[in-house]
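The structure appears below as structure tokens.
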Amino acid sequence: MKSAAKLWRERGERLKYAGKRGAVVSWTKILESPVGFEADPYIVVMVRVGKEIVVGQLTDLEEPVIGEKVVAVIRRLGIAQKGEVLEYGVKWKKA
Amino acid sequence: MRVRVIGEYQTRFGELWNKGLKELVVEAGEGALKAARVKKQAVDLVIVSNMLGERFENQGHLGAMAAEWLGIKAKAWRVEGACASGGLAIHQAVMAVKSGMAKKVLVVGVEKMTDKSTKEVTEGLMAAASEEERRAGLTFVGLYALMARKYFEEFGATKEDLAYVAVKNHAHAAMNPKAQYPFTVDVEKALGSFCIAEPLGLFDCSPVTDGAAAVLVGSGETGVVIAASEVATDSPGLNRRKSLVELQVTKAAAKKAYEAAGVGIKKVDVVEVHDCFTIAEIMAVEDLGFCKKGEGFKAIKEGLFSFKGRWPVNLSGGLKACGHPVGATGVKQIVEISKQLKGEAGARQVKGAKVGLTQNIGGSGGTGVVHILKGGQ
Amino acid sequence: MINNKEFERVGVISVGGYVPRDRISIKEIAQARGKDGDKIMASLGVRQKAVAQRDEDTASLAVAAASRAIIRKKKTVRVDELGAVVVGSESHPYAVKPTGSMVADMLGMRGEYITSDLEFACKAATTGMIYVASMIEAGVIENGLVIGADVAQSKRGDVLEFTAGAGAAAVWLGNKKYPWVVRLERMNSFNSDTPDFWRREGEKYPQHAGRFTGEPAYFKHVVEGTEKFLKKINKKTAEFDQVVLHMPNGKFPQRAAKKLGVTTEQLQKGLVVEEIGNPYSASSLLGLVKVIEEGKKGERVLMTSYGSGAGSDSFSFEILRSGKEDEWSLSKQLKEIKQLSYVDYLNQTRKEQQ
């Protein structure tokens, strides 16, 4: 079970890029997910935001192309297990 | 002082339902000592390499545990560096012998992965990544898939090009009785497999494997010489590294290793690289200098790295076909090269092999370990 | 008894609406159920409903709507001046842990502000407006954010499945210190204990009492509530340019309008239900947001919300500034949509268990 204290402490980091715009550097579609994530496929993108590169999920299953513009929105991250505190963070939406 | 691999042993790699950590450690450790013709009492340091035991079985303190299992009364501890743990353990053994603080170091790499479900293993392996990558729902396959996609875009490679790596390594594994998958596959079969994380499919990925490998490291007159043992570290997070299509740790460690051993690629006769995924081998042969960046996939297709090629790579079958018990791999690579340089590699023996190289990687490139071994010295 | 008080210090600084991009048509659901889609569409007066993505919930919708209200005024108001954040919903992510403070935190607001979550079926947020407006009027705070947000759940095969949608609307109220787009004039509330629609603690889906949800529930509170309000403030429906009523479907507000003597022209602008279904606590507020975004200076607006259980809140507004279309306008969100198949819809709305 995820630690409530850790989730609280790291929330600034999870929400850091909210509202920011970036461009896709690379992407993949995950078909075998780890514990705590959706069973369905989802797309993970590497996004260049200013001088940094970050990783996060795409809000869609429509495959992006390298260089595509995206914007960060706040969404629920992962699937909460019974009794767990909910995790909110940033995902990337095609702009 | 020359540090040598005095004896070496690898267990069968595969789904070993009847063997747990203890059985694997004992088989490998005793096997290496037997090959070295050295008694247990002579061992004064045991270094264990293992990534997932603490997480999967709540067994920390594995060094002391292994010493007890082996019945060896010596100082003992565990080394950690994700999938590079094995290479790091060898490196530490070299350090111990060179410093004079140990004389005979038994290095045992071991991993027990098949007790857990695929999902649990997928999650467990992500311990080698960063928090940001875990939070994004990435998997190990996903990380290398991100690299593969960029590689495709930059150098024009395709999914089909990746398949040739799997085909080659399976062909080699067919000559290795200890391999998990000792059979050949063709390109069609490799391409027809399930997609795990686009663009990588099942046959681009090393399997989930149980196994152990052990070597006895010491100074003295017998055994293959460890001519270079170099380590490089980089950011464990893929997004914070300089490039998506090369591993800085391989380049940095290799550069130091070639210098330390006084050899260049021309002198290298046989190689074991860390093909956790097919794309990893392509980048490895480039980063090690065997061909230019972006040419690796073509060179593999042309047979440059096959059994009869200029630089045979992964004759054990590599991680893909021999198997990848994470903590054992780095040690197994040393076992394989050592056998090659001693002329004991059987059907897959490279004639007259004198210099061998191993490349062991942790995570998606946070740690890199390169060893160069020389025989007949 | 509620005083007939005219607000002197409360106006709307900004509004924002967020409707998820995906839609499923009534026809598509009906087909999967082996029913006649055309007939159901006609009887409900709804064409399609909005469907949230699996990683969207009331809090993320609320933040999306609120950010839009805030970003529209980022040059004139700072988020750390926020005096209150109130989220009304039927689908708060936690039974115990306020959505309000999560939303405030995500908007960058810390420390000294007033918040607690509200629940009153579909009128939770509009009652929130009464509370926040009163606090502003009394001088306790200078401004406050009111958000109605819901990701509505409905049982498969239940008639609610055709209309239970998702969405969020944010109304940022403030005192005279801020430039207003709308002036809040008066309000009233009319409540009772009427069991038309309910969900017990711990249960996954709501229950409803069939036809009982009509006359004794929705119509009684919306019609009588509005009539009592108008009588109090001495106005007639004809004096309003725009009328927004709670929209559980397309038919109910039109029937209520008829009973009140409200014309189709007055009702049309805010009647978002046909295109997005019923986003519960965001229903009437999204209608209000649309009316404001597309409003003309001088227009008078009448709004009556409805919450099962039951009750209605009524408000009168005057639009002070004509609206201008921008990238966040509801008019855009009603057009930039994606149709789902029933299978996609099932995937997106199933509750993931671990």
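As written, the chains take the letters A, B and C, and residue 1 is the first residue of each chain.
Keep in mind that, in the parts below, contacts are C-beta pairs under 8 Å (C-beta built on N, C-alpha and C of every residue); 3 or more make two chains touch, one makes a residue touch a chain.
Every value quoted in this text rests on a predicted model; they were computed, and no experiment measured them.
S.K.: Average the CA atoms of each chain to get its centre, and name the chain whose centre is farthest from that of chain C.
M.R.: Relative to chain C, the chain whose C-alpha centre sits farthest away is B.
S.K.: Grab the C-alpha centre of each chain and report whichever is closest to the global C-alpha centre.
M.R.: A
S.K.: Starting from the mean Cα coordinates of chain A and chain B, work out the distance between those two points in Å.
M.R.: Roughly 31 Å separates the two chain centres.
S.K.: Measuring from the mean C-alpha position of chain A to the mean C-alpha position of chain C, what distance in angstrom results?
M.R.: So the centroids are 29 Å from each other.
S.K.: Can you compute the centre-to-centre distance for chain B and chain C, using the mean CA position of each chain? Integer Å is fine.
M.R.: 59
S.K.: Considering chain A alone, which of its residues make contact with at least two other chains?
M.R.: Chain A, residues with two or more chain partners: 35-36, 38, 57, 77.
S.K.: Taking the touch rule as given, give the residues of chain C at its contact with chain A in the complex, in rising order.
M.R.: Residues of chain C touching chain A: 53-57, 59-60, 63-64, 67, 71, 93-94, 102, 105-106, 347, 352, 354.
S.K.: In the complex formed with chain C, which residues of chain A make contact?
M.R.: 11, 15, 18-19, 35-36, 38-40, 57, 59, 73-77, 79-82, 86, 88, 91
S.K.: Going by the contact rule set out above, which residues of chain B touch chain A in the complex?
M.R.: 118-120, 122-123, 126, 131-139, 141-142, 145-147, 149-150, 153, 194-200, 237-240, 244
S.K.: Write out the stretch or stretches of chain A touching chain B in their complex.
M.R.: Contact set of chain A toward chain B: 10, 14, 25-38, 42, 44, 46, 52-57, 63, 66, 77-78, 89.
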